[in-house]
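What follows is a group of structures, each given as structure tokens.
Shared between the two complexes below is chain A, which has chain B as its partner in the first and chain C in the second.
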Partner chain A sequence: MFITDIRKEFYDVVVNQRVALLVSSEIDALCACKILQALFHCDQVQYTLVPVTGWQDLGTAFLEHKEQFRCFVLINCGANVDLLETLQPEEDSIFFICDTHRPVDVVNVYNDTQVKLMIKQDDDLGVPSYDDIFRDEEEEGGNDSGNESDGGSEPSGKRRRYDEGEVERRIERQRATREWEARRREILFDYEQYEYHGTSAAMVIFELAWVLTKDTKDMLWWAIIGLTDQLVHDKITHMKYVTDIATLQRHVSRHNHRNEDEDNSLSIDCMRISFEYDLRLALYQHWSLFESICNSSYTSCNFKLWSMHGQKKLQEFLADMGLPLKQVKQKFNSMDMSVKENLREVIEESSNKYGMKDIRIQTFGVHFGFKNHFLASDVVHATAALLESTEKDDSPGDNFIKALDCLSRSNLERLHGGIDLAKKKLMAIQQTVASCICTNLILSQGPFLYCYLLEGTPDVKLFSKPMALTLLCKYLLKAFVRSTRNKRCKLLPLIIAAPMDVEKRTVIVLGIPPESETSDKKNFFGRAFEKAAESTSSRTLHDHFDTSIIELKMEDRTKFLDALITLLS
Partner chain B sequence: MSAGNENGVRMDKFKNKGKDANELRRRRVEVNVELRKAKKDDQIFKRRNVNTLVDEATSPLHEKSQNCQAPRQWSVEEILAGVNSNNLDVQLNATQAARKLLSRERHPPIDHIISAGLIPKLVAFLGLESPPIQFEAAWALTNIASGTSDQTSAVVEGGAIPAFIRLVISPHPHISEQAVWALGNIAGDGSVYRDQVIKHGAVAPLLSLLAVPELSLFSSGYLRNITWTVSNLCRNKHPSPPLAAVQQIIPTLVRLLHHDDKEVLADTCWALSYLTDGPNDRIEMVVVQTGLISRLVQLLGSGEISVVTPSLRVIGNMVTGTDEQTQAVLNAGALSMFPGLLRHHKSNIQKEASWTLSNITAGRDSQIQDIINAGLVPLMVDVLRKGDYKTQKEAVWAITNFTSGGTVEQVVYLVQANVLEPLLNLLSTKDSKTILVILDAITNIFLAGDKIGEADKLCMMIEECGGLDKIEALQSHENELVYKASLSLIEKYFSGEEEEDQCVAPELTTDGYAFQISENQSTFNF
Partner chain C sequence: MDPSEVEFLAEKEVVKIIPNFSLDKIYLIGGDLGPFNPGLPVDVPVWLALNLKQRQKCRIVPPEWMDVEKLEEIRELERKEDTFTPVPSPYYMELTKLLLNHASDNIPKADEIRTLVKDIWDTRIAKLRLSADSFISQQEAHAKLDNLTLMEINTTRSFLLDTLNCMYKLRSNLQPGSKYISDVV
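Then we have the complex of A and B:
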């Protein structure tokens, strides 16, 4: 069921309990987790934090903790499958789910006792009404006309005679039931066809903190990062982003206003969040402007930097801005103050000339003291890089803790480390995009585009991770749409596959919807993957919380793809 | 029940005949039948529960189709008052109301009606000279008798049996049909009431209904009801139905077997399966009927699952009988239907077919030869490899019986058909009785191998398909018989390094291909 009063129905319940906090490995979930941890800290709630990377993980975590815990809080996992069916919990286990995955499984929606969904009702959920999808068991079973249905079993020893009308009614009822079932299938098909994401978990939890009047600037910042994660990883529509930004901006003004009457001076450990209309250049304040332009998807695609022509255009662009190359290529921090002063305006002006009208975007920045300034997207990139670090001795658990740590302002060291990793990752992505485009690795399969990263491709290990591969896939599709002349191909979705586990000989497969300004970001690949796997009995693992990300045996790749093509044609 | 127990019963049921193989022939195990019945009772029970729906009176569908009739439901008390009135019309209305209550799908108030003492009244109405009230009362009593044993008892104790038998030959077909139905419910309760129905003389009037030149003149429902009731008169054991009645019924069953309604056919076949599920003299009564077996064989190939299942059961029961009875089945060409049955999409059919074959391979070697000639051995090996577990178990019996009663030549053929690997694979089962049966088969195969001096090759084949490892592992089996049997196999055929060395000698590996069926080498070479 949906929780209507998050304070009464969630917080007041768990505040007196020991809580198992199961958190999915992604940035928004981490941020929600940080806020919740802070609240639990305030009220001295005992909790155990368990990172989970997929359904199997979630199942194991539940098994390990079901003895000691009654309350389970699931962040960004659990909403989109029948949780009780999956976990088979005892009747006294209660699950509080704060998850952006849509559609929410209907059983979760209509379970009133064990599944509590912390999901904002103003999200466009479109859940089918109860009567359309559920009927009392008894009614449903009434149509098995006993022995006759199963030919070949021994006749019954005794038989009752029903009214004539009874028989007719039974037939009528069977017909009605069949119709109802057909309609139910249709409704569920429509409802479950597309996968998409709802309001950021961090924002939902932040609102809880606000309702409890326990919200702090740190919490607000985490909520901002949660939302920005949805933008960076392209999970929500632009409209949704702008709306949610507005919500958060009101909170930011409130907090800033509150601080005004205190002393105005910035101290070294003071935190200040500001709404900014900043550049769509990744990490530029921690990089050189030049490198940021080269490694940001927006600029790279617009210039087509993978081509000689594009490189030339970039040079022209820089010249147009009148910025000396020396300045542009040195560390942003060390640029002349005079250059920096109206840098954004200069860049925007030239960008407009070069067809990049959307170079600026509404976002937030944070100042920690005087020295440290970060844009929300910087933190998202850094945290993602830490979370999916492929350094040798890092276990997923370590990575989770490191990523969580870098969100604390006492841990700027780690954040800077993350930023360095993120730079490497962005460069790897850009290089891979360039080589895929230049060597025509993106093939049109008819109903979709397909790209397979061969084993041995540089940085291929990085792309065995879901978030990195998602980012690559999005950037790749944007670049492809810019580079191809085939109009039909511009409208196609993209499937990318990359080696995942060399020993087990599996690949990670991921599909994204077509690229367009007005895209609703709804993804139909989840269902399609399931169906294709089923019809070819391919050995697949649908373990990721996003159904559009699966693991597949390398040998089964061809038949799986063939089935997908047939299915979607 | 434990597997051991089941198999104990199974061992007792072996048909008695001259040689060892006799022990391997098995009667259909009683417990299985009992289980089936229990399951069936479950089904009925379930069916009643499941059929419940929104109260009929409040169902909108009900309103739609029924609003022309009086929608008001009587209470049991009102009915009681009604039947006790002196006015026939009131009695009729009350009886009809009772019938309606008992005919609704949801929770018919059977016990309530019984405890209100309505049964004697209803039985009395059966004897009135008013067809409408006879009909309503018969229907109501039918539905009461359709319930639990206690509820059926209440009807019998009310003296309903003779009253119904009188109505069987009522000039009104609908009343006759209802009486037949009611008697079917009573006889279907078990052997006690079945024999009471027979003792009261139900058989003759029932059969007389069918003594018409053309069965197809009946409405299909009527004929189905009579057939079903007759089948209930043949049903249940301990004791089996009286011989005289059976003798009386069989000719009619033979006639029904040539009718073309599939439900009539199904019930007729079930009736025959009950009659053949017993000692050899009972089987004999059915086997001797002219044309019956060949008709059954025809039905085996009808593709209609509701008919194939019981006709296969009859055939299966027949071959549990004597060699002569088995031969009668073979003479009718039954084996030609088995390729389809062994590959049937329903695993239950595969299982029953394998069970039937296991009893044929327990017969004469000429009968085993018939199975070989019908091309069934490769299919049996297939079933052994891919069938569901119950089917595999039956196939194991078929193989073991084959190796025990077959000639050396026949056993060689079996090995050439690659039986060893799937057979040995099943040694990993948990059921120790099945393991013993498999070890028996292996021993028998070795005996044949010894006779032609090919035991070493057998050793190699068994080792190659991983069978030796399995047999070795069985030496630590908890069941002592398994341990002993595997130990004796190992000691006899697999000990001694020299022998193993011979096994891997190159010249032997070169003609290792001789094991394949395709090779048309001397028959006495594996």
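Then we have the complex of A and C:
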């Protein structure tokens, strides 16, 4: 059931009870969790926070906590699968789901008592209407059995006439049922075929805070990070991003005008959020400009920096802007002020000449204290690196807590640590992409492109995690589209496989839709993977909340791929 | 005494807040508080004001003395006089720190206020040190310290008392007579 008034139907219900918060392991969910935790602290609500990484985790967490809790709040998990079927809860458990995964499972939508969805209905959902999918099965069975018993007790002559009429009507009914079922299957197939993402969970929870007038700049900043996470990991279309940025911009102006005027300026330690039309270079203010250009997917793919020709073009580009190489290769903060002054405009002009029309993108930045300035995308990269860090001693729970900590303002060293990890991750991605393109590791399998990362590839441990692998995959597809001459290949989607767990001999397989200017980011690989796994009885684990990411046994890889090829062609 | 204990005592001071919720009068052991009505100022102790502020249930109104011009005058006066001048509040240092850490968005020109209060503090502590120094070197029997706040006394208390004890022991050692030596040891 969709919640219309989030304050009355969710917050007022939850504020008097103990709540279990089940949070998925991604940045948007972390931000939503932070905002919700802040609200709970204000009102002294008792809650238990449980990070979950997949459906199995969700199941175990639910089993552990179902005795003690009646209210469960699920963030970025649980909407796209029949929740009651999966978890088998008691009658009095209530689930509040704030999830960006679409399509929302129809059972979740039409359940009135136990499942409450915190999703705005004007998010283009396209849920099929109730009558198209559900029908009272009882009338059917009742009529049939009634007829048979009647038929048995009548005298034979009358019975024959009665029977013929009855039989005709029953055949008619059965035909109608079959037709209805076929239509239902078709409707459901169309509805559930493509997987995509809706409005950021952090933004939904921020709206709740705003309705309660308990919103602070910290919460607004977390909502901004949640939205930027959707952009960085390419989950939403550019149009939707721009619309959501406009919404957040209204909140930012409201907060900025609240306290400041001519005479009473705010303390420098207060957080200031500002709208920036900034460069699409990852982490450039915490790195050197040169490194940032080399390791950001947008610039690297446009220049084709894996080839010598590309490197030369980059040098030309820098010379065209008049930036001395020595300046560009040192840390951004130490560059000369004269160089930094009009940097954004200068870069924009030059990049227009080189075919990069949107090197600038609308985003937000934050200032607090004298030396802390961060862009939203910087924080997203840092938190993602911390969340998926592959250091030896880190368990997923620890990583979750560290990533959650780095979002608060008081843990700046953790944020800087995250930025360093993110730099390493981006460099690893860049090198892997360069080597894949140069060694032609991407093969066209007919209906899709396929790439397999061998076990010996450097930094392959990084790519056993879904978010890092997604970034690599998108970057790889962009680079491939630029470097190939085959026109047909440019429109194909990409499936990438990387070793996940060496002892258990599994690979992680991920599919992304084809690269295009007007892509609507709808991914059909979820269903395709399921069908292929069924038909070849491969040993797969569809554990991740994004159905387009699965785990597969290494030995079953070839037959799984063959099944996919036949399925999709 | 620990500085955190002094801060604890400072939290009993009264400050004005503007709540955004309503609540009837509450009857606490230390006194009555309230009633709370949204938008109407009410006087509460600092500990409650900070708790409500952190739960975003109120806005703190800075005390009257926490104003740039007034503090500048006090600072000038302090620098001119040799003795200690009257303070704006017996807990001015703790209140400044608490309010500026938790509610700096409600206090205009917070950075300047912080600097001014620190200047006043530095001047007074310098005077205190000079006074203690002359007290010991000239072996005076008593000193007059008006207008000192608890926090300032606290900074010098343990040091001064230990010093005086040590000096007493040293002086009594110089006296002839073995019974004093055995006392000291």
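Basically, the second predicted complex is superposed on the first by the 535 of 569 C-alpha atoms of A that agree within 3 Å, B and C clash if a C-alpha of one lies under 4 Å from a C-alpha of the other, contacts with A are read in each partner's own complex, and residues count from 1 in each chain.
As a working rule, contacts are C-beta pairs under 8 Å (C-beta built on N, C-alpha and C of every residue); 3 or more make two chains touch, one makes a residue touch a chain.
Predicted model only: the values in this text are computed from it and were never measured.
Peer 1: Quick check for you: in the superposed arrangement, does A:163 touch first (chain B), second (chain C), both or neither?
Peer 2: So A:163 only meets chain B here.
Peer 1: Between chain B (first) and chain C (second), which, if any, makes contact with A:555: first, second, both or neither?
Peer 2: A:555 contacts neither chain B nor chain C.
Peer 1: If you tally the residues of chain A touched by each partner, is the higher count for chain B or for chain C?
Peer 2: Between chain B and chain C, the winner on chain A residue contacts is B.
Peer 1: First (chain B), second (chain C), both or neither: which does A:172 touch?
Peer 2: After superposition on chain A, A:172 lies in contact with chain B alone.
Peer 1: Which of the two partners, first being chain B and second being chain C, lies in contact with A:413: first, second, both, or neither?
Peer 2: neither
Peer 1: In the superposed arrangement, which partner chain does A:181 touch: chain B (first), chain C (second), both, or neither?
Peer 2: The answer is neither, since A:181 touches no partner chain.
Peer 1: Based on the A-chain superposition described above, do chain B and chain C contact any of the same residues on chain A, and if so which?
Peer 2: The overlap between the chain B and chain C interfaces on chain A is empty, containing no residue.
Peer 1: Looking at the complex, which residues from chain A come into contact with chain C?
Peer 2: 41-44, 213-214, 216, 259, 263-270
Peer 1: Which part of chain B faces chain A closely enough to touch in the complex?
Peer 2: So the residues of chain B touching chain A come out as 36-37, 40, 43-44, 47, 50-54, 59, 61-62, 65-66, 69, 100, 102-105, 108, 139, 142-143, 145-147, 152, 178, 181, 184-185, 188-189, 228, 231-232, 235, 266-267, 270, 304-306, 308-310, 346, 348-349.
Peer 1: Would you pull the chain C residues touching chain A in the complex into a rising list?
Peer 2: For this pair, the touching residues of chain C are 20, 55-57, 100, 104-105, 107-111.
Peer 1: For the complex, give me every residue of chain A touching chain B.
Peer 2: 138-139, 141-142, 144, 146-147, 151-163, 165-166, 168-170, 172-173, 176
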